Amino acid sequence: MIKVAIIGASGYTGSESIKILLNHSKAKLTYLTALPEECGAVEEIFPQFKGRCPLEIEPLDIKKLAEKADVALCCLPHKVSMGFVPILLDAGLKVVDFSADYRIRDVAAYEKYYVKHTDTKNLKHAAFGLPELFRDEIKNARLVANPGCYPTGASLAIAPLLKKGLVETDMIIVSSVTGASGAGKNPSDKFHFPNMNENLFAYGIGTHRHMPEIEQIMSEVSGQHTTVLFQPHVGPFDRGIISTVYCKPKEKLDTKQLDKLYCDFYADEPFVQVCKNAPGVKDVAGTNYCHVFPAYAKDMYVCFSAIDNLVKGASGQAIQNMNIIFGLDETLGLK
Amino acid sequence: MIKVAIIGASGYTGSESIKILLNHSKAKLTYLTALPEECGAVEEIFPQFKGRCPLEIEPLDIKKLAEKADVALCCLPHKVSMGFVPILLDAGLKVVDFSADYRIRDVAAYEKYYVKHTDTKNLKHAAFGLPELFRDEIKNARLVANPGCYPTGASLAIAPLLKKGLVETDMIIVSSVTGASGAGKNPSDKFHFPNMNENLFAYGIGTHRHMPEIEQIMSEVSGQHTTVLFQPHVGPFDRGIISTVYCKPKEKLDTKQLDKLYCDFYADEPFVQVCKNAPGVKDVAGTNYCHVFPAYAKDMYVCFSAIDNLVKGASGQAIQNMNIIFGLDETLGLK
Amino acid sequence: MIKVAIIGASGYTGSESIKILLNHSKAKLTYLTALPEECGAVEEIFPQFKGRCPLEIEPLDIKKLAEKADVALCCLPHKVSMGFVPILLDAGLKVVDFSADYRIRDVAAYEKYYVKHTDTKNLKHAAFGLPELFRDEIKNARLVANPGCYPTGASLAIAPLLKKGLVETDMIIVSSVTGASGAGKNPSDKFHFPNMNENLFAYGIGTHRHMPEIEQIMSEVSGQHTTVLFQPHVGPFDRGIISTVYCKPKEKLDTKQLDKLYCDFYADEPFVQVCKNAPGVKDVAGTNYCHVFPAYAKDMYVCFSAIDNLVKGASGQAIQNMNIIFGLDETLGLK
Amino acid sequence: MIKVAIIGASGYTGSESIKILLNHSKAKLTYLTALPEECGAVEEIFPQFKGRCPLEIEPLDIKKLAEKADVALCCLPHKVSMGFVPILLDAGLKVVDFSADYRIRDVAAYEKYYVKHTDTKNLKHAAFGLPELFRDEIKNARLVANPGCYPTGASLAIAPLLKKGLVETDMIIVSSVTGASGAGKNPSDKFHFPNMNENLFAYGIGTHRHMPEIEQIMSEVSGQHTTVLFQPHVGPFDRGIISTVYCKPKEKLDTKQLDKLYCDFYADEPFVQVCKNAPGVKDVAGTNYCHVFPAYAKDMYVCFSAIDNLVKGASGQAIQNMNIIFGLDETLGLK
């Protein structure tokens, strides 16, 4: 039984991780931490766990952590995370980190979109935790950078085309819509119910932090520098991201060929499903699945994916990564 | 042309009042105020008014107000309002006050649910602004206490039965569900979109401040001390309140008799519609209408009403009251 | 491993049952049936099961069923169900029936609200499948009538008070709001998205079929004939029912005593949680839990419950019943 | 007073047109028609008009129509409309047609996406009713083809760039999300509340009928053959369309220049607002406004617009067109 700690357990990715681990047959939650003001019994903080989880969320005590856990799911925010991850690693734990701090290999790119990086040492050894594309790296990692939600959906939508060199890499447009849980648990004007309900709008125009991450993944998959324009939107639903990816073909494949390409590429993937139609976020909500559908229209490829931003886009994928680094069946707790 | 000021214009009842007054043929918005940190161009603060309203919201200047306006819609919160209303009246304005400060005639009851009352002098002369039940009072008032949203819907649902002495007054149960705009514009945990969406819950159990107000109205209409158990709930929609009122008959009326009683009672009311079925909030959203439907089931009367909490439950009714005190057609701006 | 068939698997309770059984460690889905026009691969009919369930939904073949299954979850509608249940029992299966056909012991009451009963023979031996109140009956049953969604929530909300004789039984008011999945999967005007969204309304005034069922349960629990006025409403969310139950005390308990009464009554129940505040539907959505909260206000008891109408109100409870009749841990597949 | 008939008044565009015309100071609803099975009192068919509209919807009688109306808003579906419009014109009425039948000037393009055209005679003289781009044509028209909802929003989003020749016309990508009222009033699986709620998905991939219409408008505005890839999505809200338009610059303008270009282009337009940020659908819901925002990101123009699909995207624009052809102030009834 793997003993799992969650660092920063009081947010949405924390509660989603708890939910998954309560049903994991070979891993066991042993330690949960948060800022002092967010500590307390799990079932008080998250009423949906009443009667299901007897644990307390406590302020982090590294010694206790080292005794109680084999692996830490580190759900801290960007910038904060790189202050803790070195300590967790030094304490002998394996770490799956949810923040962006270990995702971007190019320190300059990271620093442009985030802040000065303070742990480039560990950054060098971090595996990028998108198993469908980088499973081999993950297997032997002690530190896995769990991908962003948008990059996960966007990359899986066109990875087969990129891998085969079938698209132009000078301009790929990723137009996405996320549910409102993507904004996290802190109340704000934009996400106040009477403002967000019945609303939909774009944000982060030209500046969203997931843009360099998507470019990094796509460049690695295609083997070529790939330029991506990523435009996120947010809509009035809880969970899920639809990504619609527009790109120019180097070579035209018809519907049947596209379907075959995708089915072959994802044949052994337990969590990617190739659909016959554009997927809906509701089909994947609450699951670790990514539904993809590639199409050809007006001399362009238009490729779609749907994921649950909190599961395949965060906690589910983290546990998939955890399963991999411990040599377990990758799907444990996730089917 | 009546010149209208809105005091406290930066919240939901402020913007709803602006919207209505932009279409009012005999009233004109002349002055809008808010706390300094909430001031600015109307079209910046409320993007839905871009191109439709050239006004600024400014910090309150009483002298300017007195010059610019004949009447003030006072959209300040409870307790704050009674600090300003005397000043507005002294400045020669008529006032329609949205707060609870001038609604409860029994000072002790007010002080039990709110705070110490600091303007009992004006309280004595305030008219209770529910035109369908107290129109004559309103006509000659300089100060109108605009009713609460729940009290409006609940009272109109059973006023005909109360007036005719057809129900027992020892226990009337009002079970209501409001949309989330009822919580006002300030973000909070409960109304954070991912918490409120797909949710519905009760609150204010035995303690809601509208309970004494409902009892006061029902007691006045029935001519007897009336005890009310009021239980509010909030659901995942923007606007509207469904009130379901359960009461014991003194005398049984069948469906046809009930319909006739209600149709007669509301025959001349421009904003009350007697329905043949339970009304939906969507039928009244954005309007000043109250849809009512009385029924008899299992030896009880079960009476329903639907209103828009921001219109008939607040700004629409305030403007209906304003029309009345200025001797205008009551429906101006509201049809 | 228990072999489970679902009869009528193409609707919402069918898919919810499939979802639960995919995670059940001692039961296995072996056979799924539906009307011929609704047959096909599970993952085509329910895209959320893509890659998770290789089964087909087939037209019912009794012989095949008898070979393949030990127990049938019968998800057929009222009236249809009693045409099939006798055949399923004769084929040697145990049956958990989702319809109302075996719930109402008083044939006349059934026939008043539904149709002529055609299987009174099996009706006599059916257990009423609300484990928290009738577990002993269920243990030895071959046929369990799975309760209605509203009756489940309403009964659990006040069972402790009824059992102890603390409330008047001449008039209990149950005011409930359900999510729209309660309407089933067939499109209709009222549940067309642009009509149901941002809406909330009452229905079934004095006529809802769950009224006699609630009266039956409450009468059995209280040991006295109990009269119930049940008023359902539907709101703009997918899942869940909030029931608010108003009743007159025979004896007054204060908050602390109420809490103790409920905590004691439900102490050994794995799926009932006694809360300190009114529960929200979102806290129980997707779970088999019932959250209850009893209060005392204005000389009345006001008791609340929240359940997921498709889980504790249907498929989850059915599998809880299935676990019981097979002597398994009652919570398998449901935690 | 202009006398207005609505042909096909029983759908969403019919009720929206009624709502607007009830507040129009120089036009008056005189005649409403629908299929016989959809006739009846307006206030029974649309409960939101209870007490507000005493009219009946009747089966169409051309003679009566000719007597009662000066202009017909023809809300019939594609293909049906071109069977009626010639009759309406022959009866001496002016016509604003909501269908696609008179929008596409290229008969072959129309016939590819729709059906064989049966009224090419009137097609030749129809004005395309997007006032911001084709006002002069509309002024003298007897038949106006009211634009599609998507084409309206998409075109206004980039018209200034197209007009000035600042973008490449070989590939413009329009990625839009509409609210569910876009599907019309007939219930269907996809728009059944429990399916559409909390969902979002793409549709009409490479095949949506608004694609040739958008290409026609953009080609006329740019003066060059313009190729458009249009990809619609639908989300869980009632009203509104966000269009995000991606295009390659011929020449780069920075933020300030873009803002100036748009502000100048739309300076005299009463219903187009140039925003400083990406607009939300909620800001325009219920209004005839189009909010636009142009941006430059990653060497691409990314331009946004928000409209209410039922108002600026249908009924509001139709009445704007009606005002124009009768020489009235274009904004009557719409502010």
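A, B, C and D are the chain letters, set down in written order, and residue numbers restart from 1 in every chain.
Heads up, the rule we're going with is that a residue touches a chain if its C-beta (ideal position, glycine included) is under 8 Å from a C-beta of that chain, and two chains touch if they have at least 3 such contacts.
Since the structure is predicted, the reported quantities are computational estimates derived from the model, not experimental observations.
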| item | value |
| --- | --- |
| Pair exhibiting more inter-chain C-beta contacts, A-D or A-C | A-D |
| Greatest separation from chain D - chain, by CA centre | C |
| Whole-Å separation of chain centres (CA-atom averages), chain A against chain C | 36 |
| Cα-centroid distance, chain C relative to chain D, in whole angstrom | 47 |
| Distance from the mean Cα position of chain D to that of chain A, given in whole angstrom | 39 |
| Multi-partner residues of chain A (at least 2 other chains) | 179, 197-198, 236-238, 279-280, 282, 285 |
| Chain D partner contacts - residues on chain A that touch it in the complex | 171, 173, 175, 177, 179, 195, 197-203, 205-207, 211, 227-229, 231, 233, 235-240, 242, 244, 246, 248, 278-282, 285, 295-300, 302, 304, 306 |
| Chain C to chain D touching residues, read off their complex | 12, 179-181, 183, 185-189, 191-194, 196-198, 236-238 |
| Contacting residues of chain D [partner chain B, same complex] | 22-23, 47-48, 50-52, 198, 270-271, 273, 275, 279-280, 282-287, 289, 291, 335 |
